[in-house]
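Same chain, two partners: chain A is paired with chain B first, then with chain C.
Here is the complex of A and B:
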């Protein structure tokens, strides 16, 4: 697969179809990889593909300094490619100017990240080029099991759970920075006249930040899990994201990152929208 | 100075002794799969075998959130109350590594430079630091490249070294360290001098003396762009770092009352240097990451004569995109060598 990836990337650069390939390169340790930006065909040898390709590289697509350049190619796992669908629907990228290279993926991490256990995009969808064999999708039947387990606890217990989890947040904002869909040029926490959200990493500030971050991703989060992976305090951020995904799925029959034409549930009104949420 | 022996399996007894002597004991403790320095409530929680905790010991001296002032306004008068801790609890931090301990004297200079930061010093005075020499360093460690050592004593009151028989050799370095030996009486015994200590090796990864002269001359160099284009601009590196000390001050207030809070800040955040006018002198990732390296390896040296990096490797190991400060600085040293 790696030879094919390097070959494709080289072709794209040589023919001038793209002027930049965003991919994975060798990391500082055999169990890590590092994003690489490749502009010269001869540098395509630097691309790697292995089970440590964690990062969702589509978060680079919305960077202002990269937006101004020409056409770009980005190497994606199936989960990452779902972000391209959302970015395109939210008019953050011009899909015509991005070549998505999807890599068939049997999961990343050792042991496998939990998101990989319920992956139905092991062969990536909505890509321009797919590299690697067709891989059978896994069942998503049990994807919300952890959410349901938490939900089975009584509200006071759940509150205590989240209070404790968020108390460990140090406000490094790595969750936001790693997220492909947190692309606001100025995040609300950086609005300081007035300071709408407390910047302090005290319990109140942490609750405000973490709840707001999750709510802002309702109906949008594609489940790449980068926020949770990068969190230096191991806060289970995906539990909150998944809960919201579950609500959106139940209420609107919508799953983020699959269908390029389906209207965005939080940004469109339909006369037959469920009123369940407003009871 | 005489050395003492803590035999295998007796660490919990020592911790109990210290708690009985009135110390709040802080050690690496597991928290949701990560190790952090926390107060030990059960002696068994302390994990002295942990090489690298998620965050450094700095939060026990310079907390991530610190109320410095509380005020109330009753319509006519303002009443203020200082947030300065009167007498911080007597504390012992046990199980930090020599790199973390070395960050303390380095920051003493900073916090006593143009203004003596009592928040820092009162906690420093109330705290005893027991470091544990590294028997198994890993590939992120580079203390020896920045003047440290896996058995360095800077900043420590007492140094513990692992022995081949599973125990520890304790070497008190200061009065505070000797007080720990006294508190541990009955658990500790005088060392025989024949113990075999286990100390790992940390290879030197770059020549520090090459770094500063190159940085002095190369503020504008393509290298900064090359290495930092992929930086996500999060604050992990600064927040896990034992020597990063920048903070932000904000008032959290309503019409009647407020708190003035000091919070950790990071030069990698785009808002860090944004002016009121909207102008930002460090508008890009490379200018911000350059600042991080320059501050540690150039400005701090100019101002205080020491490099503000202890080589703990935390920023590298926890960076979401695998930015490795040791490789970055080694790259500087190479450039310095090749541009001769």
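Here is the complex of A and C:
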């Protein structure tokens, strides 16, 4: 697969179809990879593909400094490719200017990341080029099991759980930086007139930040799990993201990152949405 | 000095066109209702960011009420429909975090429903009074920073 990937990347650059290839390169040790940005065909040898290709490289598609680099190709796992769908639906990228190279993937990490256990896009969808064999998708039936487990505990317990988790937040915003869908050039936490979210890493402001982060990804999060993976405090951010994905799925019948034509759930409505909540 | 007896502090985010006018009607109709509510008028329920609610709790509210025009009656045609989706999701998130669902309550009150507004406020206040002060949130203030 590596040879095929390098070959394809080289072709794309040689023919001038793209000006930049964003892919995985060798990291500082064999269990790491890091993003590489390739502009010369001869550099395509730097590309690697293995089970340590964690990063969701689609985050770079919205970087202003890369947007001016012309047409870009990006190497994606199936989960990452879902972000491209959302980014193009939200008009953050011009899909015509991006070539998505999807890599057939049986999961990353050792042990396997938990998202990979319920992966139904092991053969990536919505890609321009797919490299690798067709792999049978896994069942998503139990994808919300961890959410349900937490939900089964009583409210005071849940509050205590989250209070403890969020109290460890150091407000580094790595979750935001890694997220392909957190692309606002000015994030609300950087607004200081008024100061919406307190800046210090204090439990009160941490709750505000984490609630807001999850809320802003409601109906958008594609479940790549990068926020949680990069969190230096190991806060289970995906639990909150998955909870909202579950609500959106149940209430509005929408799953993010699959259908390019379906309207965005939080930017649309149905007159017959549930009215149960309202008195 | 003896400590004052606790009464719930409730922030109500209401829309300009229906609920605020409804509350006005309750006033001009001389209806009596609980005084624990602090209404904040916004153009539309669609203007109410979930952060407003978080902010209200940060500032010491014990409960929040969100109210606007009935579905189909929005002054801006669809603001409340958008808001409804937002609240469905947001209320679930708060519940998931362990916040009682009665801490944030939602309603539709039209400009003609002064009586409904009065009843609603009484009901919201009663429910929050039952829950007691939102100490769990306030304790975050005094929490030590774990590093």
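Assume the second predicted complex is superposed on the first by the 272 of 279 C-alpha atoms of A that agree within 3 Å, B and C clash if a C-alpha of one lies under 4 Å from a C-alpha of the other, contacts with A are read in each partner's own complex, and residues count from 1 in each chain.
Here is the rule we go by: a contact is a pair of C-beta atoms (placed from the backbone, for glycine too) under 8 Å apart; a residue touches a chain by one contact, two chains touch by 3 or more.
This structure is a prediction, so every number in the text was calculated from the model and none was measured.
J.: Name the contact category of A:230: first (chain B only), second (chain C only), both, or neither.
T.: A:230: touches chain B, not chain C.
J.: Thinking of the overlay built on chain A, is A:27 touched by chain B (first), by chain C (second), by both, or by neither?
T.: A:27 sits against chain B, while chain C stays out of touch.
J.: For A:243, select first, second, both or neither according to whether it touches chain B, chain C, the two together, or no partner.
T.: second
J.: Once chain A of both complexes is superposed, is A:214 in touch with chain B (first), chain C (second), both, or neither?
T.: second
J.: Should A:271 be classified as contacting the first partner (chain B), the second (chain C), both, or neither?
T.: A:271 sits against chain C, while chain B stays out of touch.
J.: With both complexes superposed on chain A, which partner does A:170 reach: first (chain B), second (chain C), both or neither?
T.: both
J.: Which partner does A:60 contact after superposing on A: first (chain B), second (chain C), both, neither?
T.: After superposing on A, A:60 lies in contact with chain B but is clear of chain C.
J.: With the two structures laid over each other on chain A, which partner does A:201 touch: chain B (first), chain C (second), both, or neither?
T.: Both partners.
J.: Applying the document's definition of touching, compare chain B and chain C: which contacts more of chain A?
T.: Comparing touch counts on chain A for chain B and chain C gives C.
J.: For A:112 in the superposed arrangement: first (chain B), second (chain C), both or neither?
T.: Touch partners of A:112: none, neither chain B nor chain C.
J.: Kindly list the residues of chain A that each of chain B and chain C touches, one partner per complex.
T.: Chain A residues touching both partners: 168, 170, 198, 200-202.
J.: Under the touch definition given earlier, write down the residues of chain A that touch chain B in their complex.
T.: Listed in rising order, the residues are 27-29, 32-37, 55, 59-60, 65, 165, 168, 170-174, 176-178, 190, 192, 195, 198-202, 205, 226, 229-230, 232-235.
J.: Per the contact definition, I'd like the list of chain B residues that touch chain A in the complex.
T.: Its residues touching chain A are 31-34, 54-55, 64-65, 139-140, 229-230, 232-236, 238-240, 248, 250, 252, 261, 263-264, 266, 269-271, 284-285, 316, 318, 320-324, 327.
J.: Which residues, counting only chain C, touch chain A once they are in their complex?
T.: 50-51, 54-55, 58, 71-72, 78, 81-82, 84-100, 105-108, 120, 123, 136, 140-141, 143, 145-147
J.: In their shared complex, at which residues does chain A touch chain C?
T.: Touch residues, chain A against chain C: 147, 150-151, 155-163, 167-168, 170, 188, 196-198, 200-204, 207-208, 211-212, 214-215, 218-219, 240, 243-244, 247-248, 251-252, 265-267, 269-271, 273-275, 277-279.
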